[in-house]
């Protein structure tokens, strides 16, 4: 990162936990965090590049190759959660995003998604287009790669 | 219904309630019954006509135009439920299905779905093909129509 | 409605369709509208009375007795939807809510929920407390009852 | 593993992909695999120990501390999937399960869940009861631990 270059920033999206997303333990059912991670990346994408669908119309799509979540404390019905997302890896044909789920300053869940870019027609692996890497850079750290 | 004609039969599909389908009240979240109704119709369809997707490949699809549910008693995590489905109306371009959700003989939820047939390409309303009406008849009552 | 009495108002909640809520037809899966209706009522409730959970803490809960939806046109991934909710019936022990799902002025789905009030401990049917009827009145029409 | 001791076995649970579990790409939405993993562990548990709820009634519960999934190929609507589950770690107060999602011999998704045992009242971390470790052993390899 050169001098004067702005520090990478997180993208923060807020949402409120819905009743139907909670389970009999009264907490958000674990699978629904992956739904939240997807929302966070969609909104980061919109801020950086516009609607996800525009990428698809330009012939490229991205599919989840790996998803990880560490659950430190439960979120509950009606909680307002911050999804704090950042790009940690701009690979040649892959993208790694980390998302913290935060409630009033406490990290409840730590998520990581790895996407792979594919041709929107053939679904074969393809390179990440430069315009995507450039657009995402503002939410990526200096070590994220693909300079 | 002529003499000797067999009485219409229900199609019964069994499933077990999943943890993630239940809410903090400890019961199946109401939206998930529509998911169950869809499963019941899919399985009735498979028995009567084969996989739903075959219809789509033949150029016709069906979309839900109306859904109704009456909740009489709650289902809980791990319950084994019977979905008892029958066709109550074979319309010119629509199809009405009723589904009872039953646990050990007790009707918990009464559902009704009305589908409309559409062209799989244009999504314009279309007539129900005869081969569909014929295939579904065994799960339809004598007053269901489209003789 | 007496002279000078303010006209009943709708409560409007906006949300954006999530990718995971859409099905292979590319549209919101029908069951998810019941999830949306629940969100709409929760937010109307918050505006009128505070968090739903406060009612439960005061010993009363409400369960869905009936749900209906008419699907007129599909909503798609990334659409911003308005959920326009109003109370149409304040019964002795029940509550009827109507919710229109609207995209840019077009009504896509018409929903109706009927809730029944129950004792939060015993789950036996109970009367709607007066403080609830009073709080909800601003979102109810003059014919909604329980004056 | 002593001589003559039977080799550890996998628990296999079969399910069919539901329409509402698939997304506009026509494939199972990634979050729903966590739902599947939960179903697989629930059924393994039932075979080994009885209903999950019996554990809760005996004062112990288990919460997901970590979830991982690697997506190698997509599952589609109406696919019949095998969930092949096995215990890979019986820790002092934690449990690790691996689940392969398999379609006609092809591994589509590799999952891993780590649960932590908690007191069902206080939700404080607690030791895995011996009766649970013993019951689960038949689905665990010789290196899974907790002698």
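In this document, chain identifiers A, B, C and D correspond to the written order of the chains, with residue numbering beginning at 1 in each.
Keep in mind that, in the parts below, contacts are C-beta pairs under 8 Å (C-beta built on N, C-alpha and C of every residue); 3 or more make two chains touch, one makes a residue touch a chain.
Nothing here was measured: the structure is a model prediction, and the numbers come from that model.
Using the stated contact rule, I'd like to know whether A-D or A-C comes out ahead in C-beta pair count.
A-D
In terms of residue-numbered contact pairs, which of B-D, B-C or C-D coincides with A-B for over half of them?
C-D
Rounded to a whole Å, what is the gap between the Cα centroids of chain C and chain D?
The answer is 37 Å.
Express in whole angstrom the distance between the two chain centres, defined as the mean CA positions of chain A and chain C.
31
Provide the C-alpha centroid distance between chain A and chain D, rounded to the nearest whole angstrom.
One centre to the other, that is 26 Å.
Residue numbers in chain A touching 2 or more other chains?
19-20, 31-32, 35, 38, 77
So in the complex, which bits of chain B are touching chain A?
It comes out as residues 19-20, 22-24, 26, 29, 31-32, 77.
What residues of chain C sit close enough to touch chain A in their complex?
On the chain C side, the touching residues are 18-20, 35, 38-39, 42, 51-53, 77-78.
Please give the residue numbers of chain B that touch chain C in the complex, ascending.
Residues in contact with chain C: 25, 29-35, 38, 61, 63-71, 74.
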